[in-house]
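What follows is a short report on a single structure.
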Amino acid sequence: MTARHGHDIMARLLLALVLAWTLSPILWQVTTSLKPDSELMQLPPLLPAHPTLAHYRALFEHQPFHRIILNSFGIAALTALAALVLGALAAFPLARLPMRGKFPILGLVLGTTMFPAILTVGPLFIFMRALGLRDTWWAVLISHTTFALPLTIWVLTNFLRELPEDLYRAARVDGCSPWQAFTRILLPLCRPGLTAAGVLAFLFSWTEFLYAFTFTATEASRTVPVAIVLFPGLHEIRWGEIAAASVVVTLPVIVLVLFFHRHIVQGLTAGALKG
Amino acid sequence: MTSLTSKQSARAPAAALLVLSLCVSGCPTGSSPPTVASDMVTIVFKHGKISGDPRSLQDLLHQFEARHPNIRVRSEPLPSSTDQQHQIYAINLEGGASGMDVLAMDVIWIAEFARAGWIHPLDNLFEPGQRAEFFPNTLEAATYQEKIWAVPWYIDAGVLYYRKDLLKKYGRRPPPTWEELVETVRIVLGGEQEPRLYGFIWQGRQYEGLICNALEFIRSNGGDVLRPDGWTELTSPDTVEAVAFMRDLIHRHAVSPPLVTMADEETSRHLFAGGRALFTRNWPYAWTLFEQEGSPVRGKVGVGPLPGFGNRAGVSTLGGWHLGIAHDSRQPGAAWKLIEFLTSPEAQKMMARKAGIAPTRAGVYRDPEVVAAQPFLPALQPILASARPRPVTPFYPMVSQILQSEFSAVLAGLRSPRAALVAAERELLHTLLLERL
Amino acid sequence: MNRQSETLTGYLLLFPALFILTLLALCPILILFWLSMRYRVLPFGIDLFAGADHYVVLLQAPRFWNSLGVTLYFAALSVALEVLLGLSIALLLSRRFRGAGWARALILLPWAIPTVVTAKLWDWIYQPDLGVLNYLLQNLGITTAPVNWLGTPSLAIHAAIIADVWKTTPFVVILLLAGLALVPRDLYQAAALDGASSWQSFVHVTLPLLRPILLVVTLFRTIDALRAFDLLYVLTGGGPADATETLSLYAYKILFQTMQFGYGSAIGVMLFLVVAMVSLLQLWLGRQDMRRLVGRTP
């Protein structure tokens, strides 16, 4: 019994350590964002003696940050939407319809998730340039959708496969076309899968940097990760503001994760294990 | 969970519609905003932040707008690092509608921008008569294929700052040679016995500044990187020797501390301003900061030309910024007016007086008000006038990438100077063979 | 009739997604290979045949071999640490206790945060004079002088690896947690009855059943680590002295700072080959587990 008890205490201690390791960098950044500049320049005060929201205010004053947040949000939402629609359309045949070449196609889809983005960014840049994409929202949107798509296809295919075969068969016997069976019967049952795929696609786009950085033109169309990297400043680095920006960017992410945690986990683990 | 998802799926279409409508109404198209009054134009002026007081530039722009009531200037600052600035320019100007009118360009980008067709040639606007008033080396850097592409705005050149109080204490003069600099550091540091006092701080980090510093060592030994005829001198004995000397400053003579390999201009300036160094190499902007109220080294700083090797003269690297007109500017006329104004004698005089920014017009250095406000500027004039530009080639970004990597490896002790320069030469030649096309 | 219409519908529905993927994901790879054999300087309109010229120069460039080494070292050490740490944390979290749900949700946070934010976060922690790490180390008496984490070539790569491990371990944890949940409880009970210690039951019961998922996780994470860009670009920019310059960063600098799309693409091709070879190697090493996984797919 005491061994078990000791085990438990050990386990709790370790867990506390793990949580500390996981959360303290984030908490440190939050603390930093609340410290006035004078306190940032030296270290003995770990916690802000005079917490201030000055950095948050400055963040929105020194650049059109609300515009930047809107850009990120808009692109991420549209990416999720597009990836869901196209992904659902593709997942249905892959999960339920008799076709040849399903396995290679799935393999291909999975393969594209493994592409280093750096490989495609050069050719895509040439491509966007040739199209004369004056509106760089489109360039970012297209590239985000392309690389969120394999993720949504994978998640939705697995979810659709989990649904009982008889449902589809029964609908067909009742006289539904494949499309009707899909939209009326299967899709509504797939809400958790759609949520999972949507959240994952949104997160992917919200946090994506390389394509947004390369295809970004003006400040007006920039996304948040890019803005954090391209902070204006001559030589001095404004750590307080960067911390504030980090917190602002992370908040929606935290909300999404805490609310949709189960979905995210289901989505990520769906294909990796069967049974 | 179900209640959440049903709420979410009801909100989702609404949110999507909202976003779509915002998107459609607010999508940036990269063009300049429509004109308000009948002949009111807005021009976009893209520039990096000017060192010193940012208000001097703002005041200048307001003055310009006052004189030209139908022109509005939208000032758009670039990100802080020159690499990112260059990338923003490259991606914007190459990607289509840039939405820019007047560009401030680092002196090393002009040939590239010219060849890429990103800026207008200015031969018919920038007349030879006017040109004569500017330093020839700044014009050299702005000339490509016998046309002139930008107007020099302000100039920079590497200079040597020293603690005249410490030199006087030990009876040493500002060193005319690198060898004497090493000797002076030994004597002073040996005498002072202050562990926090460094000998010579320069910029050895892996960035463009490293090239500026390296060229100063190399050229003051008679070597060079690229000759005007296109051949390289990277592996000449003089060049190899100079690069070895850079490394030795850190690893053998212990004249420069290892942190030099992480130092950029601001790091160097902070150290010297805090009294932590005997010598430092930096740009002229640092002077006003050393001499400002509350600076620990106020009144103790001297500035002069860089040393050379043996009986050679020191050679400063030319820096500075030029102004050009974007190729797709919709208001090239208004853009030119802004450029004319910003490079006029009065504007340059104002920037010199208020922020210690070195003008590119030789005449301004003789102006009594400038001399009174910034007495060090006339003393710098010969150094500025004789500074040499980095290789003027459209492929300079690649040249810089290659050299930064190899010089950095030498300073870190990862490659011998000879091996690094041989490798650099091979890559350089591979790039430059395209120049003949 | 039925079957035919089903198949047709299938192809129609599949078409949009496949079209986009082919056009915007596959074709660019082919174009990458094509570009790597050309002199292509975008802004100057230079577009000429280069053959193997770029490769000849690249394979002799010390900078290339350095970045290859950095890429492999970064990936190997990162993945090893992530998997070990991830497995330990997963084992810890797989026990039933109050607040397990919360713990699991919180653990996921670093993974969800944008990588560039992670980089800025750790950049601030690693600052020599103002960073909290040096402050703690000096106060605890472990070091006497401020350590220049991101400025010392030998330290910078390890500092970056720690930041990467912090960010990506959660992904490993949740996948392994799911795998652990599949191990039937009775096997543990049987092992306990046989007198096995917890370590023995771990090695002989848990590990073998976890192998397929460990393989998948390691494969995914290795590919991710080999292609890492965001973290290193923002944290160190590839410096100091190219000590943290991976192939991704090298390629990006050449592509977008010098606009040399030919040479830059050659670097990209080398990265592609590295990723392909490492993936194939891992798949081959775990081929039995792969067969078991794949065999379950209908």
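Should a chain be cited, it is by its letter among A, B and C, assigned in written order, with residues numbered from 1 in that chain.
By definition in this document, a contact is a pair of C-beta atoms (placed from the backbone, for glycine too) under 8 Å apart; a residue touches a chain by one contact, two chains touch by 3 or more.
Please read all numbers here as calculations on a predicted model, not as lab measurements.
Trainee: Drawing the touching chains as a network, do you get a line, a ring, a star, a complete graph or other?
Mentor: complete
Trainee: Considering only mean CA positions as chain centres, point out the chain farthest from chain A.
Mentor: Chain centre farthest from chain A's centre: B.
Trainee: Name whichever of A-B and A-C has more C-beta pairs touching across its two chains.
Mentor: Of the two interfaces, A-C and A-B, more C-beta pairs touch across A-C.
Trainee: Where the CA atoms of chain B average out and where those of chain C average out, how many Å apart are those spots?
Mentor: One centre to the other, that is 37 Å.
Trainee: From the mean C-alpha coordinate of chain A to that of chain C, what's the distance rounded to whole Å?
Mentor: The answer is 16 Å.
Trainee: List the centre-to-centre spacing of chain A and chain B in whole Å, with centres computed as mean CA coordinates.
Mentor: 38
Trainee: Mind pulling the residue numbers of chain C that touch at least two other chains?
Mentor: Counting only residues that touch two or more other chains, chain C contributes 42, 256.
Trainee: Using the touch rule from the top of the page, what residues of chain B touch 2 or more other chains?
Mentor: 91, 94
Trainee: What positions in chain A touch 2 or more of the other chains?
Mentor: Residues 125, 129, 214, 229 of chain A touch two or more partner chains.
Trainee: Show which residues of chain A lie in contact with chain B when the two form their complex.
Mentor: Per the stated touch rule, the residues are 70, 73-74, 77-78, 81, 125, 128-129, 132-137, 191-192, 195, 198, 214-221, 229-237, 259, 262.
Trainee: Would you tell me which residues of chain C are touching chain B in their complex?
Mentor: Against chain B, chain C makes touches at 39, 41-44, 46, 48, 53-54, 57, 60-63, 148, 151, 153, 237-243, 253-254, 256-260, 263.
Trainee: Hey, which residues of chain A end up touching chain C in the complex?
Mentor: Interface residues on the chain A side: 11-12, 14-15, 18-19, 21-23, 25-26, 28-29, 32, 40-43, 46, 86-87, 89-90, 92-94, 97-99, 103, 105, 108-109, 112, 114-127, 129, 142-143, 145-147, 149-150, 153, 161, 172, 177-179, 203, 206-207, 209-210, 214, 224-225, 228-229, 239, 242-243, 246, 249-250, 253-254, 256-258, 261, 264-265, 268-269, 272-275.
Trainee: Flag every residue of chain C that touches chain A in the complex, lowest number first.
Mentor: Touching chain A: residues 2-3, 5-7, 9-11, 13-14, 16-18, 20-21, 24-29, 31-32, 35, 42, 89, 92-93, 95, 97, 101, 103-110, 112-117, 120-122, 124-125, 130, 132, 135, 166, 170-171, 174-175, 177-179, 182, 212-213, 216-217, 223, 226-227, 229-230, 233-234, 248, 251-252, 255-256, 261, 264-265, 268, 271-272, 275, 279, 293, 296-298 of chain C.
Trainee: For chain B, which residues count as touching chain A in their complex?
Mentor: 1, 4-5, 8-9, 12, 15-16, 19-20, 22-23, 26-31, 48-51, 76-80, 84, 88, 91-92, 94-99, 264-266
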